[in-house]
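Take a look at the structure below.
Naming follows writing order (A, B, C and D), and every chain is counted from residue 1.
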């Protein structure tokens, strides 16, 4: 019982650390690609400390509650995702519950942003929801292909059935793996698809009215969502890792590739992003589902 | 092409004189009364683009000089129609009917020189904030006096604080 | 306490309210509320008991009233939703005219729905079905103008439906001599499968029209948006569910699902019909700019989930489908009541492009709309999530990933459209003309709060309704589902709502503490906003027009209501045809005499020269 | 540069946080903005000190007045300054904000920016080079350390005078005062 409590406290904390480390790494790699020295790796932590010492402005009760709800939702999702052997909420919900609790993230930000009563925020939120719809089409097909391939809806079973190196990526489902890899930048909100928080166009979208500790919470929530998206990929397609270190290594490689893609591509318009997302990734995911039905 | 244009203008408008100070430059000096008809004529001749309206303040002769810069779309020739209006209560006819984009140019000249353009619907202030003085571009406007009156008048916050 | 008294109180009560209306409006309002609450109490004391009464003889045909677990569940849902909407309409309809007629018809609809659910034989089923259709028509066209056209469309399609049902009933009577549902269900299994197919098609058309499945859905959007809000809450909350009750009746009691499963084509058609209904109508809802039309299109969409749940003969699917019927009843009527509250306060404005910022003025209505929207989307901790989870599990484990994909994409369509609904009405800048809007009176807040509590309670403790549904499933011949108070425990992926609720609560409290750690925040008004350094005066910063503009450009041509256009083409063709015949059949006597003479001449000619026979 | 000094971080995280993550509002007020891109890009990377440009004043705590301030831009500067969260610092570039510089007698530039919004640091140079900007930033660190960068406290304390100066220049301002200004004292003030 005590291990369970430790797991409950440990995994969100670990997720936060990994997420913040990834953000710091992200800024360092992008700086090095620009041939400049770049901030220290722990710079996001310093930013969050500073932001918690600034007096923010609030537009109303929902402005705070929405943000808190989105952060709490991301913590709950982290508890559901098996993370190198530890998965606190193993028994009480499978992939479908993860999928639906992941709705807390965009909805919380959307509600609190809506209260901020600023056109930039609303444009940012409508872009975010459209982009979410865009990448959900292939994402749902991918999840369905893995679920119907392993005949279960609990993610722990999927991870366990990928023991000793026959990962789903190398199994007949490699097409859905490729599709997931193609939509990962959209899910992380990285450069080819950072239409949502475009600083030049809509002055950082939903985060326009966030100052002080609101921005701090927004950054923490962003780090959690990066952790969630990549951990889901590693769990479904790369066998989920025996212990935390292997899991972290796999996540690091995936994140590194994502950062390289981020610093090379310009930002797409929303229609181009949708056309891309509904073309090749969806075709691969569709074939993946057919393969999962045929091969089973 | 420019010579026969010159002859044509002088044939129609008696009191205008046309000269070519340099290559591709044509200056048409006319009276205030015939500006609208000359602009209409030049527009038909192919000078369809009103590039700008500028104004010169000849304070000694007590006159403003309005210059309409026209340009055709297909040749480098640049025409300047110059008219003179007196300084006291300077006002002239608007040319919105011929060139719609003249609205903002006239509004600017009204704000900075004080020339009234009769018929221009919107002559509200464009650049200056909370301005109650002479139009600033006139030669008789003394900027140093204005600065002393508006900016140096405002006390700086610090010494206000020390004294009380 | 037998069923006959129940029906008498239901119908008699409605008539009495009409009489009280003559006396004084206060007495009538009080009496209407009293009747609906009494009916709720009567029904709830029938829990668990089953009883059949033969109450009338119609030319030696026994009319039977019976109650079992399934009909009890529907009956309690009917009563609760109607009681809440009657309470809501107390102050909503305050300054409208013809209120006696309104309350009378509202209670007649309630009584007829009760009759449908309790009827034991097809004849009384049909009689109450007609009463319900007609009284619903009267209420849909209550406020004149476009509502008349919507009512006409509704009544024409429900007549077609009831005619099909009548043909089905007559064919059953001729082949089996009895109309008693329980006797028929035992004898029908011996009939040939294509006879069963014919019967179920006839009945499914009738219930499909009432249930607004995809090809027969065109009456629903105009009917729901033109009806007065309390009644459109009843209409889309419960009246549509009579169609699903008919589905359950046909699939499980008459045809028996294993029979139906053998007719592979019908089963496959029904599933894909449900999936198409789901996807197309949710995305059409996305494009609507009128709040009630948006919700009406969602009513059609959610029926797709119910169909997907019911037509798979597993106990999970049955539980998911039936549970979703009641979830949809709760959050759909809640959403319609909130729109009614908005209409009440903004004097009839429900266009999504001109509202905004009402959260500051109407917090309780916002809470109701938010909980209703979360229920409709299926956010965890609401009952919508549990029923959708059950339906998805059946779809995936039965090996239909593409149907599950259609359902999941439908969820994302609901998310986008309901966020537009909440954002355009409650969030954003408050326009100048709604500055003095106040919260709705208590009699309108009470149903909104009750329904939100039901949604959250059944979301956190899904065991309560699932136990009842499980007992129905067992009585309908399904293997029992190990249901406990917190959810479903099963080897292939369990659902434990209490754990989810506990973790979310703890996470919320923790994050609130983290939020408290930061510096104190200052509250600012809506005009102190970032506008790149410039100051935006009042009312110049409203911006809720065309919320998903980029998406509309891409999906607008594909998601139109083709069926509606197809039907209007048929209507136009019919009208041109009738115009043409008017030329011939033009009404003055001379022409008719010439036609008769001509006809006789032709006959004689054939007789003489024809030599044909 | 005591960023690595953990002890200081634990003692006063607020001050250290504001020192090593100065987020500047990307708002070009005058001719000096041409110096900002080279400071934040690869030649003189400002991000290594934690200084990054952000899109909105809500997220920023450093406001750089780069170059001369025209009367019209002052309105936007005041509006942006008031929208920044509380511990905020302002740095003015060049001599024009100090006393009008070469526009000393022009009718449409502000002579003493200090009369309208508080300024913490001044960087000399008719558009200081990136190295000068870094020196300015380090000076700002020292001021924050000593607690001398109190522009925002001065603004809150003397808001009445700042507001009066602004209204003397612009007439009636459209937006309400940031801090409550009691009218009666303003008359005889």
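By our rule, a residue touches a chain if its C-beta (ideal position, glycine included) is under 8 Å from a C-beta of that chain, and two chains touch if they have at least 3 such contacts.
All figures in this text were calculated on a predicted structure; none of them were measured in a lab.
For chain B and chain C, what is the smallest step count along a path of chains that touch one another?
Shortest path length, in steps: 2.
Can you figure out the chain closest to the middle, judged by Cα centres?
Here the chain at the core of the arrangement is A.
Count the C-beta pairs in contact for A-C and for B-D, then report the pair with the higher count.
Most C-beta pairs in contact, of the two: A-C.
On a C-alpha centroid basis, what's the spacing between chain A and chain D, in Å?
Between these chains, centre-to-centre, one finds 37 Å.
Centroid of chain B to centroid of chain D, CA atoms only: how many Å?
Roughly 39 Å separates the two chain centres.
From the mean C-alpha coordinate of chain A to that of chain B, what's the distance rounded to whole Å?
It comes to 60 Å between the two C-alpha centres.
Counting only residues that touch at least two other chains, what does the list for chain C look like?
519, 528, 530, 532, in rising order.
What parts of chain D, by residue number, touch at least two of the other chains?
56, 58, 75, 83, 86, in rising order.
Counting only residues that touch at least two other chains, what does the list for chain A look like?
Correct list: 51-57, 203, 208-209, 212.
Show me, using the given definition of touch, all chain pairs that touch one another.
A-C, A-D, B-D, C-D
Can you check the complex and tell me which residues of chain D touch chain A?
These residues of chain D touch chain A: 3, 9, 13-14, 16-18, 20-21, 23, 41-43, 45, 47-48, 50, 54-56, 58-59, 61, 83-87.
Which residues of chain A touch chain D in the complex?
27, 31, 34-40, 43, 46-47, 49-57, 199-200, 203-204, 207-212, 215
Can you name the residues of chain D that touch chain B in the complex?
71-72, 75, 100, 104-108, 110-112, 114-115, 118, 154, 158, 161-162, 165, 168-171
Help me check something: in the complex, which residues belonging to chain B touch chain D?
127-130, 136, 141, 143-144, 146-147, 150-158, 160-161
Under the stated contact criterion, what part of chain C meets chain D in this complex?
On the chain C side, the touching residues are 519, 527-528, 530, 532-535, 537.
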